[in-house]
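Report on the following structure.
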């Protein structure tokens, strides 16, 4: 009993301390050169989807923001912060709407629940091409309950819909809770890092990965920027 | 019971014939230059098949009506003609009938499959893959870029596996998900299968042809009527087979050129 | 009835243990019943599948209560997914074609009655015969197991076109394990049927009793003999094809997968295979298979009509020769399944002519049947009704062959519901009617009890009208270009056709329900039916000259001697208007002279 | 017209045997050993031809598959057949001769009185041995190919080689089974001529089939 309470006390102390001296890594992902310009997607095969897009959808494998910001880049701590094993309770959801995956890149924690919903009038077919994890291929007719899945091993999984070949997305399965997805101008933020040496990795589905090492001492914010080389084709 | 059976057959036969005679469900109007012969062949066959169908059912009904449940002392009768008559009759009538059909049919078939496309036919490549058709126009240079299966990436819309980086011909190739063609111009369709067997079927054009993986086949036709038609896959190709389709837009030459320009940008 | 015959030695004493008697029995009669039981089971499974499919086609997004328990991923919340539809469709086709249409009229009735009709005690190789059934049964189990293994049965259709059947799991759900199980099952089935054909042919050639010349064989025996000749050739070709598919899966060979194929943006490892090769091998079996399904029914129906019209056929020889012609022609026409497959267009023409020629023997057969009714004393009962229904169905399904035999028209009708309607009528419903007729006719001999006529007639009327309501509209749909093997009709031009599909579905549900009457009748009559006499139909062939049900060695230690052609009806004899093949009595016909 | 077109056959109760062999009663009609006559199953002489026809069809299918597949693309790489195959061919042909001798001996033995004449099982054993050697030889051929890196999936040519030879080897094993059956039946004097003849036919057929396969492989690979 007493030992228990002591343990509890100690652990709370540790956690709080790690919160007190919480470093943050933030920065910006940019690109140099001229990226291939997004191709418009012709959905005429699926009228019910096509009419949901006032301006035709374009490919999302390279999404750029203002002043060379690069979006949809997964930035995460690849070493230094061992996985604390905390699986987020709430599920991440992956929506199929207008024959498009929302979001295009979906980061999630290993074993976190993944809910896949179909908001379209047509039947979709979710086919994540997993290599490390178990590959599955399920159809989801309109009006059927969401598909619930989870992945056991960290992996970047490319997702396809076999019925609508243009539909393409990514599951980024992480073994850490310290990850972020570059937004707007390519900005990202990794908060709550206890002091220590870290390797930060940035992953982009077309341009590959880049890494940077940072050391957090106490309560501070370190700036780390990544620059990818864009491919014209 | 026997008379009821006879009556039932007659009723069924007549009811089955009505939708045919009234053209309740029938193929849409033909918009191709070669289709007329096929339709003609179709209606001739329909006439002959229909007559044989009705005749057979009626005779069966008549005999069942007349010769069932007869009195025990009733006399058996032998069909006057005998087997020889029937056999010779069948050989002559049916033989000539089907041979005629076969021979006339050759012409209709030849139009589509045996005659070569004319030299100035417009080449379009169609690629069938699970579960969509994509169409490729050679672009201003009139040359198709080479295909590199390993480069195919549907996520970034490199449907055909083109290599614009190194292949100059590929740079101006125009890829579309719907097929636009100028009216009254012969099209030479080069059919390429990306993965498994598919088929290219346009009812109005009176064309149906399977894609053969590993072997590019070709098809040629001329559309004579402006409009929007449906291209469907008729070869079971997997779970999305039912949804594998594309639209065929037959346009005036002017509209077509504009469309092509628009796609080019 | 005076039956001159000679004593024979039992070649094997009747077994006593339950296992040897009812399970691993060497007795062709028991094996025949086992085949019949298997066919019955398979038929109702196949029918259930067709119910599910039809319902889905008519009411696409409506959940089928409880279906999710059959397959959670196949029917989330009871709504059928596209792949599950195709999987059910594939299983429906495979089960019906192989395990019903091939086993029931051929293996089941043939096993039971061929030896009796030739006067033999048993088949020459009872052990092969037993193996034939148990291998077939295993094949069925293997096929059914694919429902429960991996991601379900294959979705490639019963024709299993390459390369979809050979690229493995990347092809979609069921294309991995599912296909391997399918191919294994079919290969086993081939083995079973080859063993059966071996027995059938040697029984017919070698075991005929004294006086039973080939031309004295009943038409049913002839049809089984011809069918086994077809099967011998067809299954011997399908088996290698299945072996090659299995190798493409498990050994990584490339018989059917061409090079440079891309699935999910990955180039497939296989290379250089020929996709048309599969179609050639498959259809070389596939078209004769149609005749394997229909020819036995032709024989059975002729056999039954003769007993009920109390008068001979116009010519038995012509019927036999025509069935033989069908058998021979069936191998020269298989290419008409491949008119638009990318095969050389000239060979399409080459294949179309023999196909058209097939109409000639078919027409002759129909004419002989019909015109033999002229001046007959037709007795109406369930058996004869189904036989007459068979003729009507055979005609209706046959005429559509006119269209499909012509490449030019096939451009419009290929792979549409027209084809589906055609083969369902001509080889599906017609063959089923042959099976039903055979059941009502031979049930007394097989079980010693009569079937219930009232139920039988009810069953007939519902099936006959129902079958037309289901399959005639298929032809109209096809002419309107309704593509087959679609799980959902998304195309604009298919929308107006959906009401027709609803009509068909309702008809299918009712007709299917009518088949439960038959099932009940079989089970009820088996135990509670009126006891049957030895020769309830006053028929002439050998199976009616022995006891009901026949003793273990068929003729109670005797060898019958045959004095007459089969079907000596419409004569004056001591027993009535017919004389048994085994009776030495000299008789006169009672045709009035013209 | 009279319906009985044929005279009722004369019944000679001393010698009833059906058109085939339906009625086997206690008089030697199938040329078997006397000991076998009672309770003997009717024999079928055509069965073996039927079986051989089916096997022909099967290999015809494989052959056409081979030809089509070879023509369908450029990836066919020829390779030299393992030389041991020629030796195997020789073995199989010799075994056929041995079996023919055995069959003649058995014939004589069956016709003559059972007492005295010793059973001609020796030649059957020789055939068996040669047959086994053949199968073993085929196995060696496969191992040699594997040593050269030619596996089942290496190339269509090797695929077909393995498939054809293996299928043939399986059927040869079936023939060996038949021989064992004959030896056993002969040992307890219940052999029937038909069994002997059919086995012999099948065995010669296996030899012929193998020669055909050798030619096919030799020409096509």
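To keep things simple, chains are lettered A, B, C and D as they appear, and every chain counts its residues starting from 1.
The rule we apply is simple: contacts are C-beta pairs under 8 Å (C-beta built on N, C-alpha and C of every residue); 3 or more make two chains touch, one makes a residue touch a chain.
All of these numbers come straight from a predicted model, not from anything done at the bench.
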Between A-C and B-C, the pair joined by more C-beta contacts: B-C
Farthest chain relative to chain C (centres taken as mean CA coordinates): A
Rounded Å distance between chain A and chain D, as computed from the means of their C-alpha atoms: 67
Geometric centre distance via CA averages, chain C-chain B, whole Å: 29
Whole-Å gap separating chain A and chain C, where each centre is the average of the chain's CA atoms: 56
Euclidean distance of C-alpha centroids - chain C vs chain D, Å: 32
Overlap residues in chain A, where contacts from two or more other chains coincide: 122-123, 125, 139, 158, 160, 162-163
Where chain C touches two or more other chains at once, by residue number: 81-83, 172-173, 258-259, 265, 272-274, 276, 488, 490, 591
Where chain B touches two or more other chains, by residue: 129-130, 154-155, 214-215, 238-240, 243, 245
Of all residues in chain C, those that touch chain D in their complex: 4, 6-12, 118-122, 124-126, 194, 197-198, 201-203, 205-213, 232-233, 236-237, 239-241, 243-244, 247, 251-255, 258-259, 271-274, 276-277, 280-281, 284, 559, 561, 563-565, 568, 571, 579, 584, 586-589, 591
Chain C partner contacts - residues on chain A that touch it in the complex: 122-123, 125, 127, 129, 137-145, 147, 158, 160, 162-163
Residues of chain B touching chain A in the complex: 129-133, 154-157, 159, 164-165, 176-178, 238-240, 243, 245-247
In the complex, chain C residues that touch chain B: 81-83, 86, 155-157, 159, 161-164, 167, 171-173, 175, 257-263, 265, 267-268, 272-276, 309-311, 314-315, 318, 340-342, 345-346, 348-349, 352-353, 356-357, 359-360, 363-364, 366-368, 370-380, 385, 388, 391-392, 395-396, 399-400, 402-403, 405-409, 411-412, 414-416, 457, 464-465, 468, 472, 476-477, 479-481, 483-493, 497, 500, 570, 590-592, 594
List of chain C residues in touch with chain A within their complex: 61, 73, 76-77, 79-84, 151, 172-173, 264-266, 488, 490
